[in-house]
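The following pair of complexes shares a single chain, chain A, combined with chain B in the former and chain C in the latter.
And now, the complex of A and B:
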């Protein structure tokens, strides 16, 4: 396989990986702080993409407005389900919250199909040709998507490590009881967390909708690879989520050059397997001692 | 008092024995003497088949009205029961069970996708019912073991061959194939390759891709790296949208040949005129020259204000063919007997007829008949499949333009 093909595959993997890092980060943070795998994340993405479609259909053709509306609506829905479902189940085991989140996923998806039907939608974005550097192709649209995704990631890392809110979030993630004793109001931290989860899933959904087509299964189909990326990076670790997603999607794209495309997801899981063999806690995960 | 308890117990035992016995009777035993033929329509009204299902159901209604207006088939009025399969096999199974167990239909017509056809066929086969469809998966013919299923649309094996022949006729030299990983499209891809290489030349690459991805760029780049002049693309609309978008973005020159149920105005709407310009779209087309088509299309236009598509014409033919077979089998016939007459009323050695009334009168006069349908000549092979004519269209400035018609089964 020549170098150009590998570089193109890697570029494609990096673009998709950066984009997917947004919802994966949301999943890993919900896991770190609310302590359960949120299976509704995929359908929050779908909701974001459909919100942008709705804005383009009924309000204005502006994509910026669509993206903002998607983030807002998904954040509201995410907070709504926190207040209605996940807060009530806070004291239950994480399995019951996982099951509840699967239920939330169904509710979101079926509400979407009730109004929008099963047929595909497309976000109205002008088609442009890629820049061609001796066979290495770079798409202007991809650069915008990357810029937005990296900007959002930078913002969240700044919030986490540079603001009092981030410190409180990390404190709750480390030890909720100690955080409560230290006077941190975990309710407010949780609200911020779910807003962030909604915004990131919604944003990821719209960006994905721009690249692909908007169908009711858009986000749900990605749930398994996203969970795998969370595990690869180390559960609950934000930086790990980003690195894990990038590694996962780049290895998927490069693998499909060598094995049949039908096996590309298998190869990505093989990478996951290898990493976990040598680092069972994931790339950035901490070793958790069990007593 | 004990006496009355005894009789009621006896009555209970005897009546429950009767009920049990009744449930073991096959369905056709119920309807043998009936003056009504109960017909089930299972259409994809919602879901991916939504663009086609409603017109198919309307065409079935047009045909049922035609038969009933003429006094029924063999004196039996056709009573229609319609269900929506949502283009999903699971919903279809529930719907067909309702049609069979509650409505007690004797035939199910109008099934559109192969996924539904393959799910429903075991059920209709077990119940001994006729099943007429527009499914294209080659497995449909393999599974049609009782000869009760009738395929009114070309199989994808035939589509694959047609794609290869059309591409060669148009002077393409270096074809590549990309196909969605399911039985329908893998079949199409393999038959394309086989046909092309049998006539000399090589397929530059054949890639079967996994469905439900957000990007197919790496697969596409792999195919484009072999510098094909045309890609045979076996895709549904969502994946075709992504692939064509990504192809357009690369700027590499290449033509596409695709099935008509994907490459149509809906695709243009999804990705715009520029990226779809020149796509070759191959689909079955209705038999526009047949009198049966002209008479049916007039009634269809009066109702739906547009021309019928091939699936709608096929649905109309299903009911007319079935009605002629009922006529030929006689008023007392059950589904199996009716089924055995389907070949008789479409046989090539009979007198050509173009409508139900014409056919009924010929049958009454003791003649052999050959119904030439609105969708095709209805020549069924030994596995119950027919091949309508192919229309080769090109997308020009966002519209499908018919270029030529290639004859189907002869």
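And now, the complex of A and C:
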């Protein structure tokens, strides 16, 4: 394998990793604060991508409008399922929420396929020529995708570390009981958490839809790699999630050159096993008791 | 009509074997297995490939069942030290990995083309129009045997320990029992049942392809176990019959509503399954026919 191919794969990995960091961040925060692996996150991404396609088909060809609509719709759906399902299950075991989130995933995906069928769709994006540096190719579209994703990530890190809301979120994640006695209303925090989960999954879905064909399994197929990245970065650790996703994505793209792209899920599974066996707290995580 | 009833009964009985295994995992041991279909897949492909090499069908089914149990062993070693939500992720990843390997290793499984011409059960022993009937009878006997076996298992000292693990693992450890060992055995036994079910599937359908083993099947079985009540063996039978009744019945519902395509009907069917998962967890965590006073649920 020559160096150019590897560098191109690495660049592609960085782009995909940056945009995938959005849903992975959403999953890790839900895991850290609401305390369950949200299996519906993948299908929230699918919903985002399909919303953008619906906007382009029926309203206007503007991609910006599509992105905004996608964020809005997935945020509403995410809050709806929080209010109806996950809030009710807060006092129950994390397994009950996990099983319910599988149900949510099926409901969301099949609502989409009921209207859109099993066909493939493509988001309309202006075609641009890639910049070519001696075979190393950089797509301007990829730079836009990265700019949007990095902007969204920066915003969240600002909110988490620079605002009272973020402090409350981190407090609830750290110790819900202590947060409650300190007068933090966890319901409010949860509501923001699910808005963030919806927006980030929706945005991640659209950005991925720009790079790939949109199919009903778009998000669900990514669930395993995303869980692997979450655990790699340490559960509930936002920075770990971003770095974990990047590491994971770059190594996956490069490894795909050798074993073929179909083995992404298998590789994700192996990474997951290795991390769980040798470093269950993740590469940056703190030790979580009783795991 | 008769042929249809026989076909549905075979479907129910194959799912019932799987549901029995999942009931042992989740209902009795508290293991959250989201990858049951992976064991089903290993059982079917192992039995199919062995019999295609000329191994007698019954023998290849037995070997396939044993292979499935062995495949569950490393998973048990790795995963059973982890919390239950991790086990769910690991098992889901396991079943998806199995499906991807079946899809890609074409030298072994012919990948997406599928594996045709698997020797049929009873081929040449009984007239070909009676084969399905005899497969159904065999499945009935096997199911009865397995229910009896699992009933014996859960009423044995082993059964009391796994139920104790489900209810309070720390207490079990305090009594000097090693939960990991019991969980691994439970995982292997339940996986073997799914593998056995898979081997029946292989020699009944005579054609296998990776799409038959999507995660959806795992959650069909979860619904069956939930409907019947999570730790009632009789519930497993009832739950599976209701599940397959719904899946089959929804085919006829389509005839009453005009203008719904086959694809849309499939979406509706899976939508209902998802909704059922949500509603059961929210309102009947002990299962629809589970006893109301049962402490156990999710």
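In this text, the second predicted complex is superposed on the first by the 264 of 291 C-alpha atoms of A that agree within 3 Å, B and C clash if a C-alpha of one lies under 4 Å from a C-alpha of the other, contacts with A are read in each partner's own complex, and residues count from 1 in each chain.
Everything below uses one rule, namely that contacts are C-beta pairs under 8 Å (C-beta built on N, C-alpha and C of every residue); 3 or more make two chains touch, one makes a residue touch a chain.
Bear in mind the structure is a predicted one, so any value in this text is a computation, not a measurement.
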First (chain B), second (chain C), both or neither touched by A:8: first
Broader residue contact with chain A after superposition on the shared chain, chain B or chain C: C
Partner chain(s) touched by A:37 [first = chain B, second = chain C, both, neither]: second
First (chain B), second (chain C), both or neither touched by A:137: first
Contacts of A:128 with chain B and chain C, given as first, second, both or neither: first
Which of chain B and chain C A:208 touches, first, second, both or neither: first
Which superposed partner A:117 touches (first chain B, second chain C, both, neither): both
Which of chain B and chain C A:265 touches, first, second, both or neither: both
Which superposed partner A:16 touches (first chain B, second chain C, both, neither): first
Touching partner for A:89 - first (chain B), second (chain C), both, neither: second
Shared chain A contacts, counted only where both chain B and chain C touch the same residue: 117-118, 260, 262, 265
Complex contacts: residues of chain A adjacent to chain B: 5, 8-9, 12, 16, 117-120, 122, 127-130, 132, 137, 139, 141, 208, 211-213, 215, 217-218, 221-222, 253, 256-257, 260-262, 264-265
Partner chain C, residues of chain A touching it in the complex: 36-37, 85, 88-89, 92-96, 98-100, 102-107, 109-111, 113-114, 117-118, 223-224, 227-228, 231, 260, 262-263, 265-266, 268-269, 272-273, 276-277, 280, 290-291
Residues of chain C touching chain A in the complex: 32, 34, 78-79, 82-86, 88-90, 92-94, 96-97, 100-101, 103-104, 216, 219, 222, 263-264, 266-268, 270-271, 273-278, 281-282, 285, 297-298
Sites on chain B touched by chain A in the complex: 46-48, 50, 87, 181, 207-210, 212-215, 217-219, 221-222, 225, 237-238, 241-242, 245, 248-251, 269-272, 274-275
